[in-house]
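In the two complexes below, chain A is the common chain; its partner is chain B in one and chain C in the other.
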Partner chain A sequence: MTLRGIHAVFRVECIKLAAQAKTRLALAACVAGPFAFAAVIRLQSSLPEDTLFGRSVQQSGFALPLVVLGFAALWALPVLTSIVGGDLFSAEDRYGTWSTVLTRSRSRSETFAGKTLTALGFSVLAIAVLGVSSIAAGALVVGTQPLVGLSGVLLAAPDALRRVALAWTTALAPAAAFTGLAVLVSIVTRSSVAGIALPVGLALVMQLFALVDGPEPLRRLLMTSAFGSWHGLLAEPRYYAPLVHGIAVSAVYFVVCIASAYWVMQRRDIGR
Partner chain B sequence: MNWRVNRLFRVIRAGLLVVAACAASSCGASPITSGRIEAALAPTFAHLVEVQVDWLGLPAMTAADFAVTASCRKLAGGAGSGEWGCTLVWKGPQRQTLTDSYDLFVSADGCYTATVATENLGGPLLKAKNGREVRNLLYAFEGCFDTT
Partner chain C sequence: MGRDKSFEVRRDDRATGFNQGRQKWSVALRVSAAAHREEDGARRPRHVGDGHIEEAAFVLERYPIHQSTLCDWRTAVKTDVSDVVNDGFRAFAADQRPVYTVATTADYHRPAMANRPLEATGISKRYGARAALDVVDLVVDRGVVHGLLGPNGAGKTTLLRILLGLVRPDSGEVRLLGQRLDRGAGGVPERVAGMVDVPAFYPYLSGRRNLQLLASLDGHRGATCATRVDDVLSEVGLAVDSSSLVRGYSAGMRQRLGLAAARLRTPDVLVLDEPTSSLDPRSAADIRRLIRRMADEGAAIVFSSHDMAEVEELCTTMTVIDAGRVLFSGSIARLQRRTSASVHVIRTSDDTAAAALACERDDLRLLSVEGDGLELTGDVAAMDAYVVALGRRGVAVRSLTTRQRSLESLFLELTSGSGAQRSNRLLSAEREDERRAELVS
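And now, the complex of A and B:
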């Protein structure tokens, strides 16, 4: 396995992705979605009060990206991370192209690493686009007024912006874990439907479990708990324990999923 | 492919069963306790009064001036997420002692929504000194606390 080989696979996969309507549509939705949401908020009087910061969306533009983050964690982020990760490997099964891919000068490990990197890259890109777009939508449509945080403290615009950007950054860890899961499901089942539907379904199930008043250590072990780990960043004093737990749990999920996916891929009998 | 899907489902189902069994037998105490809620609610309320006083155009005061103390109990008894009732005792701008009650909904992740249950804090909107309408932060607010 060489870096050059991985890079070659990565480049080819990126070119393939850029040509797909699916990825373009997803990224376009990431850009347009927050602006559409902001426009709706401006036009109507009812507020999304059941989401954190939903009450503040008309007072401060910094509340909007946090409401979007809260909403997105329910299903949009699992979907965004699995539409590429859950399809990248199984697409080769669907088109029956594994034998042509693997008879090229790139080894199986290089193909695996390159494709996994592409999946991760897309997840990071989608979250970055959605985050930047929702921060921009809040600032442009509502304004940059100070934000009332989760401890009732008024956060001035630069401080609020920093915390909101950090909050969006925390979504990267669980997103990587979901990408790993999608890659694993996609390799094991050889089905893109399963590769996308299973991680999204699991995310919904985990969130239902999180609603049950179970023991705290168990709740923290759920992949989706990390999506809420930004709450501490908006409190005063800030608390970071859920964030650290979230990153650790996501890392374990990611490593286990990717290692198992690699193991299955290496032992797969390809060619028919 | 079918047996692979089946195997995957079996693993997932087994995992979920373990989680469900643990949750049902509550193999650990809930971190949502009255102590944690009180420690989060009192300073949050004080900070909000400080912001509200400023928004209304009244003479500035700091959160510490309001000397808020909170006492909370779960409506169904015990600890855990769900509906809680809290009573706040605090000092108003004229140094008078005030008592207000809040209905809280606390979720398992340590975030809560508090809605005022008494009448003396006004409706959802208040009129500022300069005649502008401002949102009444004390009418309903939310916050989060560390559950670890």
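And now, the complex of A and C:
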């Protein structure tokens, strides 16, 4: 396995992704979604008060990206991470192109690594686009007023912006875990439908488990719990324990999923 | 002298060794024969023995020795710094002085290997209880189009997939251009290409774009790559349609694109699975010409097909497999020698009765009963006896002719009946061969 080989696969996968309507649509939705949400919030009189920072959404533009983050964690982020991760491998089965790809000069390990990096790259890109778009929508539609943090402390605009950006960054770890899960499902089932639907379904089940107040130790082991680990960043003083725990849990999920996926990929007979 | 030593040969991006410098080696060598050097660095290496390393066997080259330098060599081996030079390994001592040179077996045996670019030995593969391949050997020489024949489900495609590293054999070894195929290692070796089943491409990209991406995977980019893509598209007659999306391609166009994708690798070994199955006669003829040309250029080509006329036209050697076992491997002429090469066509006053009588006889084999007579195989004595027997039964012989059998007929005979019957037929043909050889001598 060489870096040059992985780069070659990564480059090819990026070109393929860029040529597909689904990825362009997903990214377009990431750009337009927050603006549409901001416009709706601006127009309606009621607020999403049962959501964290929902009450502040008309008072500070920095509340809007946090509301979007909370909402996206429910299903949008699992969907965005699975839309590529859950399809990148199984698409080769759908098109029957494994024989074409694996009879070139790149090894299976390089192919696996390049594709997984592409899936991770898309997840990062989607979250970055959604995050930046949310912040921009909040700032442009509502304004850059100071934000009242979770402890009631008023956060100045630059500080609020930094914390909001950090909050979005925390979504990367669980997103990577979901990408790993999508990759695994995609390789094992060889089905894009399963590769996208199963991680999303699992995310919803995990959210439900958290909602019904399942046992705390189990809740802390859920992949989705890490999506809420940013709360400590908006408190004063800040606390990082959930963040560290979320990253650790996500890392375990990611490593287990990717290692299993690699194992299956290496042993698979193509054409059977 | 003669003791084992281990040292590392590290990868070097400047390598200019195998395959025009694209091969990079990172292997541990185990020296199983004494290696020596001459103080003055004289360069007249001689082979002293074979060694073994994990990924490739190698041959140690030896320099004349002064006994007193042996100790230095041992030290140097332990503190190695290594490099890869043209067509072999050269290990350096810590002070960068070359200590000795090791060439790989493929390199050392290059004259012999030159005719054996594809070697598969003892390939077995089981799917559950079913043996898809049972200790299959396949060797293809340079410049040869080797036919792979067998009925559906015989194991042809499984064998082709194994040759390309798509399927892992349960046992056996594949060597392509002297390199052991290990699918975990580095993909298919350069200058090896293949097309298994109906070739598939990304439907949302154009034919040209698909080829460009495949070239990228092979590490080619830029203007040279674009030119090469255009060249191969022209060769397979797809230049005009190359900008159209592949989703609009017919099966024949996909097959041409598949061949173009394989051609892109300028293969020395080419594995093709029914490459003309979806083509119209003219296109198929074009593709056959291209395959022939590639073989003439020195490529070793394995070619599976159900079209016997095509195999007869293209192939000089072939392997027939059925139920995962090799029934025959060799030249078509040899197959004709080993089976009954000629067929007797007999027309009688009562073909039904004649057919029934033929079936009663052990020394004859009824190939077919058609409107214009019976097709039989058997030696002359058996035919004589058969004609006499027909007369005794009151069946008149109206005509009796003998003609050379087609490959299709040979194939049908070879693959019909039980495994034991087939073995017996080949065995008796083998004995007949030996008897003839004795008579000739």
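In this section, the second predicted complex is superposed on the first by the 271 of 272 C-alpha atoms of A that agree within 3 Å, B and C clash if a C-alpha of one lies under 4 Å from a C-alpha of the other, contacts with A are read in each partner's own complex, and residues count from 1 in each chain.
By our rule, a residue touches a chain if its C-beta (ideal position, glycine included) is under 8 Å from a C-beta of that chain, and two chains touch if they have at least 3 such contacts.
Just so you know, these numbers come straight off a predicted model, no measurement behind them.
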item: Fit or clash - chain C, chain B, common chain A; value: fit
item: Partner chain(s) touched by A:A197 [first = chain B, second = chain C, both, neither]; value: neither
item: More chain A residues in contact - chain B or chain C; value: B
item: First, second, both or neither for A:A165, with chain B first and chain C second; value: neither
item: Contacts of A:A128 with chain B and chain C, given as first, second, both or neither; value: neither
item: Contacts of A:Y95 with chain B and chain C, given as first, second, both or neither; value: second
item: Which superposed partner A:D269 touches (first chain B, second chain C, both, neither); value: second
item: Partner chain in contact with A:A210 - chain B first, chain C second, else both or neither; value: first
item: First, second, both or neither for A:Q20, with chain B first and chain C second; value: second
item: Chain B versus chain C - smallest C-alpha distance in the overlay, whole Å; value: 15
item: Touching both chain B and chain C, residues of chain A; value: none
item: Residue ranges of chain A touching chain C (in the complex, touch as defined); value: 2, 4-5, 8-9, 11-12, 15-16, 19-20, 95-110, 266-267, 269-272
item: Chain A contact footprint on chain B (complex, rising order); value: 1, 4-5, 8, 12, 16, 19-20, 22-23, 26-32, 40, 43-48, 50-51, 54, 80-82, 107-111, 113, 135, 137, 140-148
item: Residues on chain C engaged by chain A in the complex (per definition of touch); value: 24, 127, 157, 161, 164-168, 183-190, 193-205, 209, 213-214, 216-219, 258, 261, 265
item: Footprint of chain B on chain A - complex, ascending; value: 49, 52-53, 55, 59, 148, 150-154, 185, 188-191, 194, 198, 202, 205, 209-220, 225, 228, 231-232, 234-236, 239, 241-242, 245
